[in-house]
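The letters A, B, C, D, E and F name the chains in turn, as written, and every chain counts its residues from 1.
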Amino acid sequence: MAELLVNQICPGATVQGTFALKAKKLLPYREAPGHFLAVTLADRTGSVEGRLWEGAEEADSRLKAGDIVTVEALAVAYNGSVQLRIDSIVKENGRIDPAKFIPSAGRLEEAEMKLMQLIDSLTQPYLKALLTHIFSKQDFYEAFSRAPAAAQYHHALLGGLLVHSVTVASAADGVVKDYPGADRDLLVAGAILHDIGKVQEYRCRGTVEQTDEGRLLGHIVSGVLFLDRAIAGVPGFPADLRLKLLHMITSHHGRYEWQSPKRPKFLEAALLHQLDLLDAQADMFSRAAAGREDGDSSWTGWVKGLDRCVYCR
Amino acid sequence: MAELLVNQICPGATVQGTFALKAKKLLPYREAPGHFLAVTLADRTGSVEGRLWEGAEEADSRLKAGDIVTVEALAVAYNGSVQLRIDSIVKENGRIDPAKFIPSAGRLEEAEMKLMQLIDSLTQPYLKALLTHIFSKQDFYEAFSRAPAAAQYHHALLGGLLVHSVTVASAADGVVKDYPGADRDLLVAGAILHDIGKVQEYRCRGTVEQTDEGRLLGHIVSGVLFLDRAIAGVPGFPADLRLKLLHMITSHHGRYEWQSPKRPKFLEAALLHQLDLLDAQADMFSRAAAGREDGDSSWTGWVKGLDRCVYCR
Amino acid sequence: MAELLVNQICPGATVQGTFALKAKKLLPYREAPGHFLAVTLADRTGSVEGRLWEGAEEADSRLKAGDIVTVEALAVAYNGSVQLRIDSIVKENGRIDPAKFIPSAGRLEEAEMKLMQLIDSLTQPYLKALLTHIFSKQDFYEAFSRAPAAAQYHHALLGGLLVHSVTVASAADGVVKDYPGADRDLLVAGAILHDIGKVQEYRCRGTVEQTDEGRLLGHIVSGVLFLDRAIAGVPGFPADLRLKLLHMITSHHGRYEWQSPKRPKFLEAALLHQLDLLDAQADMFSRAAAGREDGDSSWTGWVKGLDRCVYCR
Amino acid sequence: MAELLVNQICPGATVQGTFALKAKKLLPYREAPGHFLAVTLADRTGSVEGRLWEGAEEADSRLKAGDIVTVEALAVAYNGSVQLRIDSIVKENGRIDPAKFIPSAGRLEEAEMKLMQLIDSLTQPYLKALLTHIFSKQDFYEAFSRAPAAAQYHHALLGGLLVHSVTVASAADGVVKDYPGADRDLLVAGAILHDIGKVQEYRCRGTVEQTDEGRLLGHIVSGVLFLDRAIAGVPGFPADLRLKLLHMITSHHGRYEWQSPKRPKFLEAALLHQLDLLDAQADMFSRAAAGREDGDSSWTGWVKGLDRCVYCR
Amino acid sequence: MAELLVNQICPGATVQGTFALKAKKLLPYREAPGHFLAVTLADRTGSVEGRLWEGAEEADSRLKAGDIVTVEALAVAYNGSVQLRIDSIVKENGRIDPAKFIPSAGRLEEAEMKLMQLIDSLTQPYLKALLTHIFSKQDFYEAFSRAPAAAQYHHALLGGLLVHSVTVASAADGVVKDYPGADRDLLVAGAILHDIGKVQEYRCRGTVEQTDEGRLLGHIVSGVLFLDRAIAGVPGFPADLRLKLLHMITSHHGRYEWQSPKRPKFLEAALLHQLDLLDAQADMFSRAAAGREDGDSSWTGWVKGLDRCVYCR
Amino acid sequence: MAELLVNQICPGATVQGTFALKAKKLLPYREAPGHFLAVTLADRTGSVEGRLWEGAEEADSRLKAGDIVTVEALAVAYNGSVQLRIDSIVKENGRIDPAKFIPSAGRLEEAEMKLMQLIDSLTQPYLKALLTHIFSKQDFYEAFSRAPAAAQYHHALLGGLLVHSVTVASAADGVVKDYPGADRDLLVAGAILHDIGKVQEYRCRGTVEQTDEGRLLGHIVSGVLFLDRAIAGVPGFPADLRLKLLHMITSHHGRYEWQSPKRPKFLEAALLHQLDLLDAQADMFSRAAAGREDGDSSWTGWVKGLDRCVYCR
């Protein structure tokens, strides 16, 4: 029996599957001593309330919000919504498919194809060799292409890193014609690689989380460490070009207070920073307008990452 | 007799023409009582020293640094350079061609053609009508196409406004494919118009100067006043579209501390701000690398507008 | 039958009138299936709870928090307060008198008289002509004299703009004797006009709201556009004086980060900015001290606009 | 023989008097071995060049720029200016009248009279007693009425503290009518006393200098120490009122980054800060416009304390 | 009968004692008209819920959250916790021992002994005399040794000021060997005295509160006033040394925006500021790691004073 | 013949040796056509003027300020100073001993011994192994022990990195007793290693210069890359400990705006940052006081790195 997604559960259904345990609370019975456990279960399609009427204290002590749990339950209608009457709820310690719990960025195949085209279009031999070397390792490619671009706000989606990296590289390709002094291949390669450290920065199970390395070093330092090792795998890679690429990662946030320990020192690094900024802004504006709650209003509510309301007419 | 430009003056030449009086100083004769006047004369190709041996005090009192002067002189060799022995130097109050004194941005014809293509490519009828209305007035078009984009640093050149506006619009055209939610025509029109107030902000005679209006209102407020009147000349122009265009001018510096009284509130305004920033940065990096003094060094000296040195390898 | 204000409603009264719908919530009956609608209704004198026991779902779907509603109800005592048992509640789409919902700044008549005296006291003929021209248009005068000075915090009251403008002008009149270099008429005229764009920035129905123009352009830009047109209606108005007045509006917030695109460039503009700041501060301190909750304490609670507690002994 | 001021020295005059030694430089004779001493001598009316031809090395070793010196010399014409041929120049260690070297703020008598009127106008008995107590001590009154208000920029003049304190108090008196909640006597007394610590902060001999106490504690802390002792000299002075006055001194700069360790916490303290700021601004604008070099221009040069140019039309 | 502390109350116990009234709420009976009063009572060991079933309205009107109250009650088991059935609850206006309500910093005796050793170790006679003079006054010593170092965050404990002052002085003693230019006695004395104004800044009854003097002047100004008077009690205390000590208090926050009206101007003042900062940071990191809720996690939750999460592995 | 240092050159001496060419200028002969070359030559002891009377144009074209030059000359007395009459001046391209041109930090042997003691004192086996591994490589140890700690301001001396690293580690050792929760070995090891990337950041020949890697990556990123490779050379080094050490380097500047891409996340990292700051401050205060020009004054002139004057009494 295939597992039902949250938005497929109807009253009367028998439910057997894994969910992210978003929240739990032990509550007293209304007319008797003792307690029941109220839980919120979620997957990438939404969330549903559940009630465990027996063995609540024991379950409460062995579960933690944030766990992935395997649940057996009956779906019932309650107060106009669906609720699960839970028979069994246990922590799932086995292998989890994050795609069940975290939504995907759209148009992933298009992005994968675009990535291949961009690498293919490089004519600088060492840059082409480096990118081929990096992305031809199947394990790494899979990790890269599923990684999110953030834990919150923009691109907090499976594949977000891929989509963001490709969009920045594509935008770079779109403006480089206007700046004849810029080295197109260096810019495009830097754009593809600039956030590579995010593969180490995040871990996805039920939600996107920062790893200890992500919190202690950050994706700029992790990216530099990764790229330095990757370059060592390309025989004859020029020292100058290595320094330039490492600098582009180091400086791509553009300002010290945005956690770049160096600011861009040459044209391609400066363009990369500006295009990264532009894509992050565009993404936040687009999502804000698309996700506003009140469709009648010309304005979204307060958008946290942008620190303003967005006009949608 | 055609006027000689500064870089065409050779020892022995008779010079008759207009120059910008960069500096002047009354100096005592070495072996006799009395004074002579040492002047620095310039045009867009460079500067030359001159000496007025007779009537120096009188000339000193009627001239002011910054004046445009008509000079009659003989060029002589002195200490390895050319110097002018001046017979007559008088303030020029007549019509001046700024192009004699201020260098031009390169590729102006290409930019003019590109401007026409971009306007032509618009499909939104009111935007096309508005831009046609504005740029078909010959006087205004000439003022716009010769205006500088700044009094210092980047684009302080005749035609700098045209080149900058067209480059931003062209870059907008290059990235808009990556942002399907953006209104291409609104973005391109806004990009062409965003700095239109600079026509009022600067005046060019011997140098680029800010006008009183430029210093008291600034090109954002002047641009809004100009555009508001221009829109009134296009019958039926939608009120919403007017507000959006005025907002794009108002917000294009992106931050309060960069003198925008509003920050961008919708996608096209945000993209315009980012592309304006990107072009300003790219321009400063390109000029810094091109203009460095020591061709052997990998680094330029300190670049004021960028607050850093630029790597040029 | 005259409408009752909220603070006039006593248990037993029959209520028929318009209210602002501050909040609404659909709640389940305690002992039966189905829901009732709990609403909070308000006018300028306070707020009252109401319950709609029948047709709650339907009412919930056609109403929105923020609506002005016409209500028929019976007032009852409940738990020590008054509550309305609602028979009918429908959205009011007709003409609304904001004065029913938004409190008025005090001493409006005094302020109106003071405004007339200040205009009358001007001796510079063009300034006097301009202010007479502006305030003699009845429609505009009414809009101006009822406009609030803000949507929140200080002067968020009908007539707040009038009171604030007049107070700043009067304070200007009070200090100008200490600064003999200042042009008294320019300062007083600028003080009266400095916030004129707020007539466009806000709209009052049930609450004070920013208009789209207010959010996209702001009262500085709107004020400049308004004043520019008004000046065009005074034949022979000197160009210099126009620039000075427009600059005083443009710069009156005093700092870029407070949304002024220019900082004050002459004495009267500087004084205007300082007096505007002084009045805003004085207003926040006065209101904080007057409005503190705990009359025994020497200190108010945290005051948001001031970012501090206020000492009231 | 009365001492000549610098602007009274004509060629041929015998000069005998004290000057501030602004600068000195040992220079080689043009045609012989050995050196002469070139000095710049100044008083409040201007500066004059001098030459000591004999004993230059010895004089150079016993003098220091900044010294007050007694000079005997003959005035001669040189290169269109006056120059002093110095016979004797020795350091003056005796009592100096700073008024010879530092210009006075204008209208001191008017300010003294206004101060007395303001103190006289107080009706709160303890405040009146305190101010009477402070200003009736002749030594202190003299120090106060001659102290400068700054070492640079605005009010760096003998009597500057008096003029500034009285102007702020007078402006306070001018606006307090517009703020009925404010305690007029507290505000006026605080205004008179707010900068009292500047009596300790500066020392005047040939120039205005900060004392060690001024540099290590600053006039806010010195003022609090002074006022605390003065209040102890007024029997029965209420504890509350003491705290309020000390707070007004402590907070009058208004912001931590402007060296106030507390921000204003009640209306009178807030008004005092705003009026202090207003007077400092007005003073800088007035001086900038009055002191511009090029009388033809509509703009001053860059004004350091204001960080901008000032419009003077 | 000895009073029970909150963590000693068991079901069945008769409770008679004083508590801090943290919160109170009047709630309706579930099945009858009328109300009961729900209160939260606390001491330094924790908090307990209580219910007053009779006379609730009357009690509600004479009590205020924050009061210290004397309670007579019976402890019962309710819903798995202890609850008090209150017979009597009245405001306690008599003398209160804050130690009952506010936890103590640990290792106070060790700190007291260390303080004595540090004072004893001073060899500069005036500094030793000053510290002996200050700490030998029994009343002051008791106030000092019980004072908290803050109202929130770090050192908000009885004795916190003592522990913090001694730790900074001890750390100063530990690093001074590495800086041969520093005056060890001045540094240690300054470290002991730097926060002395906190004795005036806080008041402890049921909780730590800022006094009016603390809020209007702050501990830097209060400390300077206190120390100035104390120095006056040491005959012959050198003027230079007085200025240095007063400066060390004035500047110990190190930055204007951290409320120091002067920044450190000599080595010992600079070291004091750095060590004060180091101790505050160390204290926050130590407490954050010690107090984290989820012992399994490598990270604490968000720590307010540090504005980050702390790694605890 | 041993080379003379600049401060050993007396009139009459024959000079043959290498110098840093600080500045050069081609000047016209006073009484004849043609030019001579005026140069400023320096070593670590000071600078001396020189004149090349023959072949000046040719020498000017082949030399550049900043070059190391080999000079043959005769020392003469001129105008009270020593001047070199240069016979030959050629660029030195061979091996240079920077110690001739850059002063050394004092007490280097003491620092080397202290470093060994600190490493020896470690008891955590992996940390001891790592530090032994790093410092036992002779080449690296020599580079480390001669490296400067900065190109300007504090520690711009040969050996400055060693002295700074050891002082911070020693101060860490001195305060760690006051913070029982801190891991002493981790703190000391981190202190020794925190600036290790400066070995790559600077290059010393005639002066201290930043390398391309220093300018493009900075010592934080270089240090992380170096340490990561060094750890790989210690078999079994724990992953957790690696992350902690890398974090301590990454975060040791403490703030984003000071170029740390992460802020300290645990106690030892926080203490390291504070002690690094303390040592930098102490160094600047000590040098400022030691290096002031006017020994009579209680104050130094403006100290750039500290942004203030320093009190020296």
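Here is the rule we go by: contacts are C-beta pairs under 8 Å (C-beta built on N, C-alpha and C of every residue); 3 or more make two chains touch, one makes a residue touch a chain.
If you want to know which protein each chain is, UniProt gives these names: A, B, C, D, E, F = Predicted HD-superfamily hydrolase.
It should be emphasised that the depicted structure is a prediction, and the values quoted were computed from it without experimental measurement.
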{"item": "Set of chains adjacent to chain A and to chain D", "value": "B, C, E, F"}
{"item": "Chain whose Cα centroid lies at the greatest distance from that of chain F", "value": "C"}
{"item": "Interface composition of copies chain B and chain C: same or different, split at half", "value": "same"}
{"item": "For chain B placed onto chain D, the superposition rotation in degrees, Cα atoms, nearest 5", "value": "120"}
{"item": "Of all other chains, the one whose Cα centre sits farthest from chain D", "value": "A"}
{"item": "Centroid distance [mean C-alpha coordinates] between chain F and chain D, Å", "value": "44"}
{"item": "Centre distance in Å when chain C and chain F are each reduced to the mean of their C-alpha atoms", "value": "62"}
{"item": "Junction residues of chain F - those touching two or more other chains", "value": "212, 215-216, 247, 265, 309, 311, 313"}
{"item": "Chain contact topology (line, ring, star, complete or other)", "value": "other"}
{"item": "Every chain pair in contact, whichever chains are involved", "value": "A-B, A-C, A-E, A-F, B-C, B-D, B-F, C-D, C-E, D-E, D-F, E-F"}
{"item": "Chain F-facing residues of chain D, complex", "value": "28, 212, 215-216"}
{"item": "In the complex, chain C residues that touch chain D", "value": "167, 170-171, 174-175, 177-179, 181-182, 240, 247, 263, 265-267, 270-271, 274-275, 277-279, 281-282, 285-286, 289-290, 308-313"}
{"item": "Chain D contact footprint on chain E (complex, rising order)", "value": "212-213, 215-218, 220-221, 224-225, 228, 243-244, 246-247, 250, 256-262, 265"}
{"item": "Contact footprint of chain A on chain E as seen in their complex", "value": "79, 298-299, 309, 311, 313"}
